[in-house]
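One chain, subunit A, appears in both complexes that follow, with subunit B as partner in the first and subunit C in the second.
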Partner chain A sequence: MSEIHFNINGKEVTCRRDEMLLDVALRHGIDIPAPCHHFALPEDYGACRLCLVEIEEERWTGVDAACTYPVREKCIAVRTDTEEVRRYRQLNLQLLLARCPESESVRDLARSMDVEASRFPGIQRQNSDCILCGLCVNVCENLIGAGAIGFVGRGAERRVAAPFDEPASQCIGCGACAEVCPTNAIKTIETEDERTIKPFSPPLKLVKCPECGKGCMTEKQLEFMKTQLGNKSDVLAGCPACKVRRRAQEFAAVLRGKE
Partner chain B sequence: MTVAETENAIKHTDGVIESYGAKRCDLIHILQDVQEEYDYLPRPALERVSEKLNVSLPEVLRVATFYAAFSLEPRGEHLITVCTGTACHVKGAPRLIDALQRDLGLEEGQETTDDMKFTLREVRCVGCCSLAPVLTVDGRIHGNLAPEDISDILEDCF
Partner chain C sequence: MPLCMTREKIGSPEALNSLAGRLKERAGGRKMVSVCLGTGCRAEGSGEVYEAIREAVGELGLEDEVIVMGSGCHGLCALGPLVILTPDDIFYPKVSPEDATEIIEKSVIGSQPVDRLLYKTGGKTCRCQSEVPFYGRQERIVLGLNGIVDPHMIEDYIREGGYQSLAEVLYKYPPEDVVSEISASGLRGRGGGGFPTGRKWESCRAVETEDGKFVICNADEGDPGAFMDRSIMEANPHTVIEGMVIGAYAVGAEEGYIYIRKEYPLALNTLQCALEQARDYGLLGHDILGSGRDFEINVARGGGAFVCGESTALTASIEGRVGEPGAKHIHTTESGLWGRPTVLNNVETWANVPEIIKRGSRWFASIGSEGSKGTKVFSLVGAIKNTGLIEVPMGITLREIIEDIGGGMAGNHGFKAVQTGGPSGGCIPADHLDMKVDFDSLIEVGSMMGSGGMIVMDESSCMVDVARYFLDFLRTESCGKCTPCRDGTEQMFMILDRICRGKAGEDELGKLEEIAELVRETSLCKLGSSAPNPVLSTLRFFRDEYEAHIRDKKCPAGVCSALIEFSIDQEKCVCCGRCANECPVDCIAGTAGKPPAKASEEDHQEGKVGEPFLIDVQECVKCGSCFDVCPTDAVEKK
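What follows is the complex of A and B.
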């Protein structure tokens, strides 16, 4: 695989051929706003259009989304903070603001780019904090492998939902969707015995940690992971805090033995 | 759907899936054939497609709810589509829709009449803008319409 040399904002950078421009920029400490990008997910889907940058190629110069732009030899220079780029980002933020006027994180992002209000009319809908970035759908389908939620509809009516708008039967309650959600539109709500992924899952029973007695994962999650891990599934016992403590104690014992 | 209808739908869907060799890339063709048979996509059929093609149910529904050609709701006996493309819109398509909703007794957002006789849909351009405003009844085109013509058109369906 060949190496590509080009510059971002005048800074010389190097990357693999076909590496996504956003990844290259972030690796070199160049900040590009990208709410629909998550390091845990291998492929971006280019939803939010806030990572737009100006790209200079051998025969073309224009604006494109950094998250879905594979860098090749023809790429010469990238500018992430030109007047034009700022204008495009501001426009897209106005569209996001029209979609999610209530969302704190969208408003924070807008303020950071000098966008105070949207000139587009808002739309009334459920779950108004969702910017349709698709991270939750991606993580559920491709990383977890549960496939519990997905997009439905198109255009202004597009939204993320569980099949037939019923409580998601395939949801294992792992909470990965809530974890990757950039606007906190999905929430993990936990009581002593149950966890609910709002707005998708039914209340799911929690398994108690054998050591501290706290709920640590849902029954469905344990079952799901057991089928994936097979005979290695005893590593699942216990909550993360207790596992870390146990590991620390083992480590301490080893160190003491060395003294 | 009754139990027998569900079983039938599953059996029919299995046949369709088989005819395409149960490949993921034929998802849209399979849904089209099921829609052809039932005029909508019954839930048991969608679940069967998901299972047999090894495509998650949300993914099947994403496709099924994206294309206007698919419907998840049972359709009425007669399908009326009103063109709301630019030409028809300018020539008064919204008034045709108002008249149809009134005559059919449809509430805002309701597509199919309670007696399952008619389904009313909006479409974007039927492709004969010179006849605007246009509507189709079961595929037959009626052009140059005024709201007064609606009752005659509905009359023909009975």
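What follows is the complex of A and C.
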């Protein structure tokens, strides 16, 4: 793969051809707000439009989202902090703020970008902190492989939901969506016996760890992983904490044996 | 056509030629009645006219001499049902089933026009289509065979020289020459963007791959009210198919898709029938025309959303994913459908291809303006006399379209603006009427070609209301993926709505412009980046109208109901009381009788004198019923 040389804010950088500009910038320590970007996901979705930068190409200069811009030879220079870039980012953030005025994460982000309050009236439809970044849908579909949730509705009515707005029947309760959600709009709620992924799943039964007796994963999750792991599925037995402890004990035993 | 022939594979250009010759001979000498079965005429009852004419032919025992054909759209929808007789070249508008026998007896057998049925305009009687001013200014390349071929009979198309371009290309030109020919013609995409078709084909042709390439026909036609592509597919589907086979050969594709809008069952049916017949003749599928080349076309049904016409959303939808746009930095010609090199063109773009090959790129490039060659099909609608489907050379002026073809304004209001480019196009005012209609000129005035919608508006249209209408469409059709388009168009709509209701503050125009710029510059796909056009173009040309709404709380066109008030001019009122009868909320009071000004002493004595009517503005719901019924225009709207 050929290497591309260009500069960001005057600093020379190098990357692989077709590497995404946001990845390159972050790798070089350049700060760009990007709530809908997550290192665990292979492909960015390009939804929030906060990672805007000014890109200078051979025959075009303009503003675009860094997360979905593959760097090629024609890219000459990138500027991440022009007046225009800042203004557009702030305006998009104001739009998100009008959508989620209560969200702590959005407000924090706003403060970090010198945005006090939104100048736009609220367009709250779902009364949720969701900024529609798409990370949860992406992780559930492409990393976990459950495909339990998706976007429904168009325009401002858009939201994340399980099919037919019923409790998600495909949801295995792994909680990956809650983990990646940048605004905490999804919550994993756990009692002794059950786990609920709010607002998507019904209460899901937990499997108890044979060693400590605590709930460690949902039954559906265990089933799902068994079918994926096939004959290697005995690695699943026990909760993570107990597994670590067991490993440590085994290791200690080995060390002791050596003495 | 009672044509009892089995369709066998045509193995060579010579065989195609000889079939065309035989078909011509067979048709020669026979009279033809072509009844338009396009959407517009159908709505006016052309189906019954078609049946009545067939019956009349049957009763007179003329089945062998007269062909009755149901054809695709002839264009002049405002005067449907349309009937055309060949070879006598007689044109009848507004035909009803009762006219059938007379038409057959007098015009078909006797070759004489029935005078009372002929089209009359400006003191002139038009016998044939070319005498009708609506058709006079048109140049029909794509629509040329509408009314001449039966869309369900591939033989009609072959008879008229169809698939000859394909034969020529397959046997005489290497693929790169086909691409150069299209490049030299100057053909640009008719789906909205106007991208040079030859350049698109060339970049796809140049990609070397073992995995195959695709060509796709975009038949999603999502613009509300547009029916150009649909009319082409319903009237002459083979020109689209032939264009695609030629394109596939040129770029090296063996598989293609037609992505057709869900709401087009008739076009779908016509297309499928046409594909079947083309396969039967070996013009599609394996070993086309004996050339050893293969190409197959699949039909994919649209996802039902406006955004599905966008190229990345369209390919996603064919692949079975959600029809949602993605970032587009790598061209479709390099990585399109299933990551393979793909050429996506619009229906009308494909339909131009066979004719360019047949008549040469020079001929095509001689039509049109500097940067825009050939013709463009428009659906011409709105406040003009002749609405319908038109095909005009690029570079014609707006005035020629509206006055010569459209026949001028229909009502008694003057011209105000013409909206082009579909929902994300712009409004062009009267002082630009002499501008050329082509890709670049339209962009210069803040509008665009789009897929060819053209709506003429008169002075009774409020431009703020028009912008609000289009933004309402766009905000609900935004897929909702990216922030500026989803929430920006929503905020723009809310501001426009407030302006129309007289609730907007002085600072909102600035805010509106600020979001418009944001949405245009930072949206992910073209739906978003073009969505502000209706607002920006009306702001550019009709800013005073926005200001009147905001500052004076007035709607100068009298459309925005929150800003108008109805009142009755007491001098003009003739005390008929019709307004009071119509008012749904009974807020008009008065006494019916003779108007006081005209009453005599006697009338007074007999109690026959009325009392002028008055509207209680507090109760008025501004429905405008009184305004519509008043015989003396005493009701005023301000």
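As a working rule, the second predicted complex is superposed on the first by the 249 of 259 C-alpha atoms of A that agree within 3 Å, B and C clash if a C-alpha of one lies under 4 Å from a C-alpha of the other, contacts with A are read in each partner's own complex, and residues count from 1 in each chain.
Here, contacts are C-beta pairs under 8 Å (C-beta built on N, C-alpha and C of every residue); 3 or more make two chains touch, one makes a residue touch a chain.
Quick caveat, the model's predicted, so the values are computed rather than measured.
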item: Overlay on subunit A: subunit C relative to subunit B, clash or fit; value: clash
item: First (subunit B), second (subunit C), both or neither touched by A:153; value: both
item: Subunit B versus subunit C, judged by how many residues of subunit A each one touches; value: C
item: Which superposed partner A:121 touches (first subunit B, second subunit C, both, neither); value: second
item: Which of subunit B and subunit C A:222 touches, first, second, both or neither; value: neither
item: Touching partner for A:143 - first (subunit B), second (subunit C), both, neither; value: neither
item: Touched partner set for A:77, first subunit B, second subunit C, both or neither; value: neither
item: First (subunit B), second (subunit C), both or neither touched by A:164; value: first
item: First, second, both or neither for A:41, with subunit B first and subunit C second; value: neither
item: Touching partner for A:52 - first (subunit B), second (subunit C), both, neither; value: second
item: Residues on subunit A lying within both footprints (that of subunit B and that of subunit C); value: 150-151, 153-154
item: Of subunit A, residues touching subunit B in the complex; value: 137, 141, 147-154, 161-164, 170
item: Parts of subunit B lying in touch with subunit A, wherever the complex brings them together; value: 43, 56-59, 61-62, 65-66
item: In the complex, subunit C residues that touch subunit A; value: 305, 322, 326-327, 329-330, 475-484, 486-491, 494, 511, 514-515, 518, 521-524
item: Sites on subunit A touched by subunit C in the complex; value: 45-50, 52, 62-63, 65, 68-70, 88, 91-92, 95-96, 98-99, 119-121, 123, 131-132, 134, 150-151, 153-158
